[in-house]
């Protein structure tokens, strides 16, 4: 199912190299102002190339650093799509109507010739192989089909709407690690080196939501952590998630990890803002581990299923050196969608 | 909502100190043999005290170690419940009927007097505070109410049924770390020390499922990782989850993390058995971080909301020093429930 | 799936002749007073025999009529169950806690010997045949298993809770036709005659809900009519449902059927209280057609699948002459469950 | 929620006079041939005007009848939309991919000027009033917004896909009554007369599905009747539904209504193909009552909420005299969607 949420509910559709990709949102309140311009900033943060790097301002200063030559320093694919949102339904005269809100993005700049060979030789780390087995090779192989990271574009658009719904709540995600390095000043250098090697890097994103009331979430299956992790693990390339002290909590004593209460609620935040699955008024804090980009120029071993022999794969195409750079806005969007549904 | 799954679907109910707790399972195939005896082994593994320690065999040899005096070495509460499953529906003459299967456990050994004061003074790390705010103080405070770890008992029972459904698939979870220490021979010592200090320890559980076909799961919202993490984060006390290389993947290069393909599928397992949200035939592998038990005998600062002043809390009751010891069978159960639903 | 509703959600379980039947309710507000005594009146209205007839007061005067000898006049089976609700969870100290509310009824008075032969010779009008084919004959044949009308008992209990949630809204269903006759004074006579013939009668129930706000329901798939009909057709033995003018509307002109608006909303109620799937402030009105009881003493032709030949079936057991007599309270319960979910 | 189904699941979106309307289908099997041409025949059957009348062939002979002047005889609005389906996702190279299938129809021929006054003066029988109250007057008033019958166009498209999924199953709906008259030869005359009076007519549609296996559906909440009625009541203008003998069953005796079994299953079909909520192998048969079109040229009383006084409304626009003429293909589509989900 390509649907998430109970009241504020999103359904995504589209293949990377098909006609269009899009999202349908149920449960959007009526009367909210909304226009295509509202989406520009968040969509730019997800963009590759120079436009994205500027919008994120991730390591603006670092770009001036000697030896950090563009475009490698951007760490992202030069493939550029217009990414123009088209609102098909749910908005009239610049206001939401309460009916399902549909946003579509046309796919224009596709070079499916790049992808022909993966029918026979599945790319390591990609879904080529499982899709071929699951859907009897009928799945669209061009550009990863429905698995493509491009599917996160409509998610970002839905996040913009969800953030509007969450008045008074601030959701902010940022990259805190690239290739194991927390010092953003050194990232351009690492990205340049990985580009030169035809290799790729992973990263860690931290997301914080403030202004949440006490009481969102339910014990057990609708715990805040259950819903957030469900949404976050649907972003391609996530390997782990942890809340508050996270994995470090497993190495702490109860007296260290427990958050004492003061008159306003917890006075520290080892729990990441959630007790018993329910928000406790402290900021919701979690971190997400993104793997390194699977598509690399470097030679990789794979199996040639057409000729039934080992083979070597060098992925040409245009790919991110570190797609994690583009993910903070996607993590924000998923978080906003979950919180809008809980509210 | 207290329900999880789409086809094989479980709904839990009950409060720790109410009349009974239980679970209803939809989608159980008809004609499977099932009796109360089938539940004994897994229920014992979740048990506290000597019975649980024996059933798990977690550190049998270590118990003979000098200085590891029982019962502290068991690391779990001496509170003992009969934990007798009662099958209310869905089974006739020892076979499932295809109708909803209901299992109930009576609550007998309750000492609610232990819990009176938490109305006014919420326990750090517990849901007392959020439940009080969310439900206007009407929630049952005795024993954590619907939040109690005791609610995982019917989940274990459902896991037994799910494992029966998953013929040919083996799911096995074990504790790989206690208090940050991976060497199980040293755990009794750590547990004894924490008991003496009136403190508690966390742990890490690793779960592996083998025998899975290629193709379980869906891209995006029903990815295997989304569903497993959703289920696992509903277990009280989880702080993080990671698949395959997990957080370490964020520090690897693509050429290191990618799993090359051989004729039978991937030849290593950095992805933890999942590509693009779909099982790839390799074992499903993930790790879960459990926090240290929140209820500790050691003095903790909290807020006395009745008298509106800072106060000190020493939790008496009977609690696990390290409840993570009892969780591997719960993680297995959640995994089995997710996989049974996907099949 | 045995679950209905999105926010106020019910899940039923149990077989007529198993250990117990019951219902789990999610989404019950916290702090509502609730005790076993609250269920007595509605449960009595569903009862067969003298107790039910008195509780319904359906044709009290008629019973004094000459020639209307009890028990035939009651029109219902003399099988009597204690029908004692047991609240397993969700209520503490006489108040709801906000956690799932579970109510169970033990099955005591079962005479499964009555049902042995239906394995081989499916009863006309019953689910014996489809259950046998669908579940490979593993389904519990005793008493209709999960199909039994007895499953409506927990629904009535859930209806009591839902009615409590619907403060200020009055839901009232009554029988308006028995065996095609709208004059209740003549019903005892018809029932006596049908009993004497070993035959059975159907009936029509009309349900009215007043005090509804404008705006419940959604256009299309969550229209009030969609949800009510979904719930009502899950009651065994329903053959049709119509709202407002119903089938007669198909024979009217627009100028006759349309409800003109006055300052308070519609001034007549041909639409049955719903426009475009959404309540319009007028009473919700609908009628439900119940078939005659399938189990009759009269000889019926069926197929003997054991001996592969035509055979004649005379159903002994103890059955309602007109089970529709017992259904108004069930229709009310289903309506209350739908409305509680919409609110 | 604008979503229906569990496995084969449809989500509709769009307003009659917005940019576009459409539908997203989850659970479409991969590898099915599908092109825009497949939709032409069913879309034509839903069309108004001459095109629709020809495609339906409803009363072809009657049109030659003296005095049945076109276009009144067509009984449908002359508003013509291109109704060109555009497949946005889920199909590549003429075959389904297993990913969500999205079909969009642009809205071109809109004359929203026709609808301005309904803000203040709600049309009797329409959702203007409830939408205004529910959504705080923000709902799109032009053309009925999300309530419009135009929303059934994507449903017809989804029905085409569902019918493809249902290989070997034949679903056929036809009009059996117009304005209370079952003789189709007389319908043109009735329609002409109603047109002349500025009034409208209702109708009854009968739907039959053959080739169904025994065993579709579940007892209780997922009974075939529950699901079909849920889907059918989401079609605007439905007032009632009945299965098999329907309301007449309530006036029959058990010995008349029961369907005896022969070696192949039931030998007559009073139950309409369903026992205990589950298909019994006989054709699924049900009838649906459609109200007369609400929008009529004839003067109607309504309330002028702008001026707070009684007023008279004459609806200009272009409307069907009897929209029921266009509904059989919609009823088929809803039935196909339900059955595809159950299979």
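To keep things simple, chains are lettered A, B, C and D as they appear, and every chain counts its residues starting from 1.
Heads up, the rule we're going with is that a contact is a pair of C-beta atoms (placed from the backbone, for glycine too) under 8 Å apart; a residue touches a chain by one contact, two chains touch by 3 or more.
What you are looking at is a predicted structure, and each value in this text was computed from that prediction instead of being measured.
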| item | value |
| --- | --- |
| Same or different residue numbers at the subunit C/subunit D copy interface, by half rule | same |
| Remotest chain, subunit B as reference, centres from CA atoms | D |
| Distance between the centres, which are taken as Cα means, of subunit D and subunit B, whole angstrom | 49 |
| Rounded Å distance, subunit C centre to subunit D centre (Cα mean) | 28 |
| Centre-to-centre distance between subunit D and subunit A (centres being mean Cα positions), rounded to whole Å | 40 |
| Set of subunit D residues in contact with two or more other chains | 1-3, 6, 12, 99, 134, 146, 219 |
| Sites on subunit A touched by subunit D in the complex | 1-3, 9, 11-15, 18-22, 24, 26-27, 30-31, 86-92, 95-102, 104, 134-136, 138-140, 142, 145-146 |
| Complex contacts: residues of subunit A adjacent to subunit B | 1-4, 6, 12, 122, 124-127, 129-131, 133-134, 144, 146-147, 151, 177, 179-180, 194, 197, 199-204, 214-215, 218-223, 225-227, 229-231, 233-234, 236, 238-247, 249-263, 265-267, 271-272, 275-280, 289-296, 298, 300-303, 308, 310, 324 |
